[in-house]
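In what follows, subunit A forms one complex with subunit B and a second complex with subunit C.
Right after this comes the complex of A and B.
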């Protein structure tokens, strides 16, 4: 059974389709990274999932059932922007959350607050953006949720704490929790997630297991001494999925026979030609770019 | 987020108590100062000997006769006025929580339930605010020895007076909640409600025929849900206003139900 199942989700605001027929799932114990440029529909997808917004059409299930107040007994959410009560202290938020959840682990909350160097007596309004995010993370992970929905969970955190968040996600997944999270830090997604979904303009443009997505594609990169020439015949080569040209660099996304394509490029007299494994960043950029350069 | 509601009303009650306490202290200080600086002697207000000659500088004492008494209802009515002020101060509590909706709405409680718990906590706080004002209103009387002049003949009406007064407070509270339950900034609506209710109450005294009939009836229809109109009635004799008591509570509950419905449908 999937922990999260979103089927044909559409959400419109007036004439604008914020989310357009999106289907994705997160298996039990899986970690799915939701990627997309700003305004792609990630936060709206999260809001629909959490009943903060009503879908125009489509269905959403968590642990095999529609989302209800009971769902939040085991689902924790960290929003992109701080939604905490600015007049109250970190300790007040911890106490409020403890009272709301039977599973709240006070000891773990204290440990996590120490990890993020949070002063529990400080008012939320006095904290930096990163510290507020850290408070939200502490509260989310201290209830030991089975399902985590994290919208830019490392936003505003310094690199040390970003790593801590990453470790928490990986640790939660290892403990059996299912995670759906968004991030602009593709490196984080690559480390923590085992699958990704890429949104662009509200539509799902790519979805799949990261290893599978990486496995069948290579990058052939040629560097020239002056502006990169047009690849001409290679543009229609069935082995070539996409071509990027930027200054002296010509980059070809190749579905098969990367060595053969590299050899073909030699005819253009480049300074160097290299073949790389595809990174998640390449996959993402490939999915959201507007086409051949 | 009941704990946050509790913290919020505790903070509001603390501020309210401090303000009322300061007023009472000011009165308590003013009374002896008035006696001494104005006349240079202390008058035995509690006894019979000098009541007719009391010259303390306080209008209240000037007017006192030997048989003057203070019905307990009057203290309740005064306390109700403060409780209503306090109630309006709490009336944007839902909109304040809405600023933290991404935190507050993803808890294992339905929005309807959490909304009514907020109402319940606020209502309890309004009642506590009434009790605080009621007790504090007795302090200046105790200081000048007038507690013995308080009469309880009208105490039989006290529950109805309190129910009417607090109902007016809840009516106002409910209507502002209904208007602001899906907003994140409700303070302006609360401010506007004072202006609108005061203006409509004033317009309500314009005789029929001096303004267009439609406007006249609109004003009078509006004033059936105008807390200030009922507040005026609560300061007078309650007899004959038991129907109004029912209307006040009905409007209050209807407004709270509307606020709950709107909030349950709210999108963040």
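Right after this comes the complex of A and C.
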């Protein structure tokens, strides 16, 4: 069973399609990183998942059932902008969350508050944006939830605390929790997640297991002794995402079977053909660039 | 324990493959002995700050390759019994990867197969000359 299953989700605001037919899933125990430029539809997807916005169409299930009040007994959510009460202190929030969740771990909450150097006597209104994010993170992880949904959990935090968030996600995953989180930092996603989903303009443009994507997505580069010919047969090849031609260099972004594509290029009699690995950042940028077929 | 392995998430090589290579290398070099226990999936994931499922995948493949064995509740160990053979096989695996990369790069530099063979013989002569006393 998948921890989170989003099928054909569409959310329109007037004429604008904020989320357009997006399907993604997080397997039980999996960690999925949701990536995409600003305005790609990440936060709207989260809002629909948390029933804070009503989907125009599509279905969402958490742990095999539609989201209901019962879901929130084991799901924790850290929103993009804090949903805390500015007049109450950090300690008040910890106490209120303890009462609401049977699984709340008070000792863990105190440890986490210390990790993020939070003064529990301070009112939320007196905290910086980063500190408020830290409070939301402390509350979410102290519940020891089975499912975590984190919208930009590290934004506004300094690098040391960003690392602490990363450690928390990895620790939760090792404990069997399932996580869906969005981030602008590919480096974080590369470490914490085992799969990614990339949104662009409300549409899902890429999803998959990170190690599989890294194994499949390659650049095949051929260098010719004179101007590179156009690789006509490969322009519509399903293995080829994009073709760049510049002077004597022909560069193909391939989605699978790089060796086969490299072989096919040999018929054009290039001087050399090379296959290069792509980092997750390259793969992400390739997916959100306009040249994607 | 001090980090026995390192991985580079920014590298285009999948993380689980990086980890497999590191373990094989450690077994081949004897840094990991027969019967020695590997860190748990959780400990190594936390230590390297990488996803635990990625570590678990590397361990599964290492087990399938006969490099390590895992017993439920006890953990993962470098396989004992014929470990010398395993170490040798692990070494050959790593060496094959290194050589293949060297051939690829030499070809990209325009050295054809006969040319590479000559270079390869010369390299072998240089490194094995003193210990095997082969006149070249």
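By our rule, the second predicted complex is superposed on the first by the 233 of 293 C-alpha atoms of A that agree within 3 Å, B and C clash if a C-alpha of one lies under 4 Å from a C-alpha of the other, contacts with A are read in each partner's own complex, and residues count from 1 in each chain.
Following the convention adopted for this analysis, a residue touches a chain if its C-beta (ideal position, glycine included) is under 8 Å from a C-beta of that chain, and two chains touch if they have at least 3 such contacts.
The structure displayed is predicted, hence computed values, not measured ones.
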Clash or fit (per the criteria above) of subunit B with subunit C on subunit A: fit
Touched partner set for A:141, first subunit B, second subunit C, both or neither: neither
Subunit B versus subunit C as contact partner of A:53, first or second or both or neither: first
Which of subunit B and subunit C A:171 touches, first, second, both or neither: second
Which superposed partner A:70 touches (first subunit B, second subunit C, both, neither): first
Which superposed partner A:274 touches (first subunit B, second subunit C, both, neither): second
First, second, both or neither for A:116, with subunit B first and subunit C second: neither
First, second, both or neither for A:215, with subunit B first and subunit C second: second
Closest approach of subunit C to subunit B (Cα atoms, Å): 27
Touching residues on subunit B, where the partner in the complex is subunit A: 1-4, 7, 11, 99-110, 113, 267-268
Contacting residues of subunit C [partner subunit A, same complex]: 9-17, 41-42, 45-46, 49-54, 57, 104, 107-108, 110
Complex contacts: residues of subunit A adjacent to subunit B: 47, 50-54, 69-73, 75-77, 79, 81, 83-85, 87-88, 92, 95-96, 99-101, 136
Interface residues, subunit A side, partner subunit C - complex: 29-31, 163, 166-167, 170-171, 173-175, 187, 190-194, 210-212, 214-215, 271-272, 274, 276-282
